[in-house]
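There are structures below to look over.
Look for chain A in each of the two complexes below; its partner is chain B in the first and chain C in the second.
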Partner chain A sequence: MNDWLLLSFDILILFILLGLAWLTCNTKEIKRGVTLFVAFGLLLAVIWARLKAPDLALAEAIIGAGISGALLLKAMRDYTEQTSLSSETSRFYVWGINAASLALFVLLAWGLWHALERSDGVRLAENVLITTPESGVSHPVTAVLLNFRAYDTLLELAVVFTAVLVVLAMGTKQRDFGKGEPILIAMVRWLAPILIVTSGYLLWVGAHAPGGAFQAGAMLAAAFILMSMTGVRVDSMLNDSSMRWLLVIGIGVFTITGIVMLLINGHFLAYSKELAKMLILLIEAAATLSIAAALTLAYLGGMPKPQQKTQSAVKIDKTEEGTS
Partner chain B sequence: MMINDAIVWLIAIPLLASLLSLVFPKKGTAIAIAGSILGLLASVALVYQVYQSGPITHELGGWKDGLGIVLRVDAMSALFIVMTMLVVTMVGFYASAYFTDAHKKAQFWPLWLMMVVALIALLASGDLFNLYVTLELLGLSAVGLTALSDNRAAVQAAIRYLGIGLLGSLVFLMGVALIYTAYGVLDLAMLATVVEAEPAAQLALALMTAGLLIKSALFPMHFWLPAAHANAPAPVSAALSALVVKVSVYLIIRLWFDVFSPVLQPTASFMLGVLGALAVVWGSWQALRAERLKLMAAYSTVAQLGYLFIFIPLVMAFPVGEERNTALAAFLLLALTHAFAKSALFLSSGVVLQRAGHDRIAELGGTARALPLTIFVIALAGVALIGLPPSGSFLGKWYLISSAVQTGQWWWIVVIAMGSLLAAGYMFRILGHAFGPDESIGKVMAKGSEEIPALILALTATVVLGFGSAWMWDFVNLASPLAGN
Partner chain C sequence: MIDYLAVLSIFIGVCFFFAGSVGLLRLPDLFSRLHALAKADNVGLAFVAIGVAMLESDLINSLKMLLIWLLVMAASSVSSHLIARHALRGRKPNE
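Then we have the complex of A and B:
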């Protein structure tokens, strides 16, 4: 009975997901498209959870729906007047893309069918589960991300770092949002500290349960982004130089740890067993800060401008309206 | 110990230098130059190490049996790495003089060094998923560097480049996912032992190849390249044309012949060769018609990459062993020569563009008198691009032609001859205008720090690789997984 109920639930969300995807791609109005995309991301997070991948569900909800949504909303605010979706793209072009996507889908489905047929033999995932106790953490996902395949994670941090460099290269900081409604500000005042504490929690539990640096960093950035969206002058809390240090600290700590381990144990990032748990936590803490700084900067669209020193920094600025 | 871990240092040094150059923007140039020189030394040590003791592996994290990621360097990757570091170091010297705006310079170094990390990490990677990550890092840093140019066209080209790059990586990732589903391994050496000719592996290889073809701008997927490479700042154009597109070709060769050899179909390799041949003809023809120097250089890249793809059906026609290795060494020689010659050409174009204020080929009269060394470098680069002796590409093309004869695929010879004639056409056209009587460029001077790096690169392409490449054939035979080591 229970199984049957869950199955029908799964089928239902699957169809809603497909419907949302279709609507997101085909809506003419940008604002509606962005809203649908955020809803799509949240539903996808539910599906990851149903597939028993809670780490992915967390990341999808925070980054895929939350941060990406905020980025899209901000971009939309600046360009919505000039741009409207698919106004100049011809019908022929759209159907060409649709046909190509459909062909790719059929091909992939066919390939996946054959791939699943032969998926036996020694597999990496089983090896990971067996070896996790040696990694210093008990959560296999964290063991893979921070120990077995830590080098991948290091390069992924570099990807995030580079993305911010690209944002910085493309332009200066965008106009802030104006001050929000009082109720909204009051809510954010409650929410932001909770987000910051939750971020710390996600970082800590990563060792034995779903969570970790990416989710924690994104959560921390979400707190800043929320504040910025309601007109709190976040950039007055951050100056150019401290942002630069925050951006590099994650990769810096990661790489230096790797080199020290190379000198001690002969392999890059080969943690000494008794130190593994502590080193992983250290790296994750530094990475959390860098990810948060990177996502915040990507949202702001550029380095915070140097502020006049006289203004009180942390308090919500009541005298100025939100134009920078 | 430092020498034995050269490959780790080659990744760690530019990575840390990138971070430092962001934190200390005013010292960016010094940090980047120091990092490049250290990297160049490490890359020479790496080649020496591989030459002495064959292909090397480094298990990151100390995990074995495919649990962790493995760095693997053989002759081919070692030579590509030393090529990358030499080009990057020379272009770095040039860039320190090229960027006059301190703000732009500060933005340039962190991205530039990240691109170096991505290039080396890609060339050293022995893991399928890790390769995807390096491709993303490479694509993103290249986009950022392209956008550093002031003009609007460059930013538009960068955005289009971003879209193309993401499409390529995504298609590549689909292939990786299929392989992981079917075989449960990501390590390239382990995959090579289990992969079979069956639909999942065939589709995966097709997807990964398609992704890489988009990134390496093989005809007809070259449409994004001329705009991006012609509008980027000169040092960036040099690296994009010499290195960034080329490592995708490297990866195709690596995957095809080292990992997926049981899956390969002669028809597919023939098709890649045909596309390469079309690229040679079309790219050279467009280069001949181009009105601007940098656009000509960009189209010439489309053509030169075409030659590298013609090698694929030829390499495939040889059985595993010494003959195949010889063809592979010729491929390497041609790729290396092009990297040095094209970066020299782009750097010189940058000098002309900055000094003359434009790079319209028809109005280059008097340049030879005003910038004699720069025009000399362009001529040297031309020698290598056409494939005249003593350049490395003369030897490369010679072997290309002789293997075409050996394997009975004579039709490629027609294409190679046509490409070389057209290349002679577009290079002599520039020199003709540069030596022309017109005085429009006036009296200008170029700094030594701009001209010397380009000269070194051009001399490497023409003289060093031409006369000093004999050892490469042994090297590839000794230290190549294709040799069965």
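Then we have the complex of A and C:
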């Protein structure tokens, strides 16, 4: 009975997910599409949770639904004149994209079938579970991300970094938010500290339970983004050069650790066993800061203009006085 | 006994969600829709959270349910207020 209920629940959310995906792609109004996309992300997080992948569910809820939604809404706000889709999008493109998506689906389905049916039965997951105790952390997902395939994670950080470099190269920051509504300021005053503490908790708990640098960094960025919405100039708390340091600290610490380990142990990113836990925590802490800085800068749309710094610092003080 | 209470509480919560959804779909304008949605969802989530907290044997987890309810209530009431205020001023919400 219970199994049957859960199965019908799964099938239901699967169909809602497909429906949302269809609507997201086929809606003419961009604002509606963005809203549907956020709903799609939240539902996807529920599905990851149902698949017993809480790490992915956390990441999808924070990054996929939360931060991406905020980025899309901000893009819509900054480019209001372009927010209606041109109706004469060529049929050729539409069908081309459909065919490419279908081909990708077939390829992935074939890959999955091949992996499940045709392999020799040796699963990586079992090996991971056996070797996790040697990795310095007890949570297998963190062990994989920061130890067994640390090189890939380093490159992922580099991808995020490169994306933000492009954002910075695209031009200066878009216009600021005005001073926010009083009730929003009052809520953010409560919420931002909770978000920052939760971010630290996620970072720390990643060693033995779902969590880790990406989720923690995105949550920290969420705190910054909320603060910027209330008119607090987040970027003015940090000057240009410290923002740049924050951006590179994750990838920098990661690479330096890797090179030091290369000199000591003879392999890039091969941690010494007794140091592994500390090194992983160090790298994750640095990566959290970098990811938070990267996502915040992407949301703001570029570096702040330096000459406005003193002005906005005064603005923050006024906000403090006004509501306290 | 406590199981029945929990199920009853969750059922009441689901009824509130149902009423809120019907209100969202059927009511005529933005303000009455927001009214239906925010109130029904807050109370509905409260009943669901109480029900789930009763089913949970660990006290810490029950307190987490309470925390979730408080956070969602803060977020949803503030966002309803903001949406209503922007609509009242006749501005686009993304401005």
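We take it that the second predicted complex is superposed on the first by the 277 of 324 C-alpha atoms of A that agree within 3 Å, B and C clash if a C-alpha of one lies under 4 Å from a C-alpha of the other, contacts with A are read in each partner's own complex, and residues count from 1 in each chain.
Criterion: a contact is a pair of C-beta atoms (placed from the backbone, for glycine too) under 8 Å apart; a residue touches a chain by one contact, two chains touch by 3 or more.
Small disclaimer: the values here were computed from a predicted structure and weren't measured.
A.B. asks: Looking at A:R77 after the superposition, I want to know if it touches chain B, chain C, both of them or none. Which is it: first, second, both, neither?
C.D. replies: second
A.B. asks: Regarding the shared-chain residue A:L184, is it in contact with chain B (first), chain C (second), both, or neither?
C.D. replies: A:L184 contacts chain C only, not chain B.
A.B. asks: In the superposed arrangement, which partner chain does A:G266 touch: chain B (first), chain C (second), both, or neither?
C.D. replies: So A:G266 only meets chain B here.
A.B. asks: Using the superposition described at the top, determine whether chain B or chain C touches more residues of chain A.
C.D. replies: After superposition, B is the partner touching more of chain A.
A.B. asks: Considering only the touch criterion stated at the top, classify A:F161 as touching first (chain B), second (chain C), both, or neither.
C.D. replies: first
A.B. asks: In the overlay, answer first, second, both or neither for which of chain B and chain C A:F105 touches.
C.D. replies: It touches nothing on chain B or chain C.
A.B. asks: Could you say whether A:M170 touches chain B, chain C, both of them, or neither, answering first, second, both or neither?
C.D. replies: first
A.B. asks: Check chain A for residues that touch chain B in one structure and chain C in the other, and list them.
C.D. replies: On chain A, the chain B and chain C contacts do not overlap at all.
A.B. asks: With touch defined as at the start, can you tell me which chain A residues reach chain B in the complex?
C.D. replies: Residue list for chain A touching chain B: 107-108, 110-112, 114-116, 118-119, 121-125, 127-128, 131, 147-152, 155-156, 158-159, 161-163, 165-166, 168-170, 244-245, 247-248, 251-252, 255-256, 258-259, 262-263, 265-271.
A.B. asks: Which chain B residues qualify as touching chain A in the complex?
C.D. replies: 1, 5, 8, 12, 15-16, 19-20, 22-23, 25, 58-63, 65-69, 107, 110-111, 114, 117-118, 121, 129-130, 133-134, 136-137, 140-141, 143-144, 147-148, 155, 174, 178, 180-186, 194, 198-200, 203-204
A.B. asks: Any idea which chain C residues touch chain A in the complex?
C.D. replies: Touching chain A from chain C are residues 71, 74-75, 78, 81-82, 85, 94-95.
A.B. asks: Can you list the chain A residues touching chain C in their complex?
C.D. replies: Listed in rising order, the residues are 31, 73, 76-77, 80, 181, 183-184, 187, 190-191, 194.
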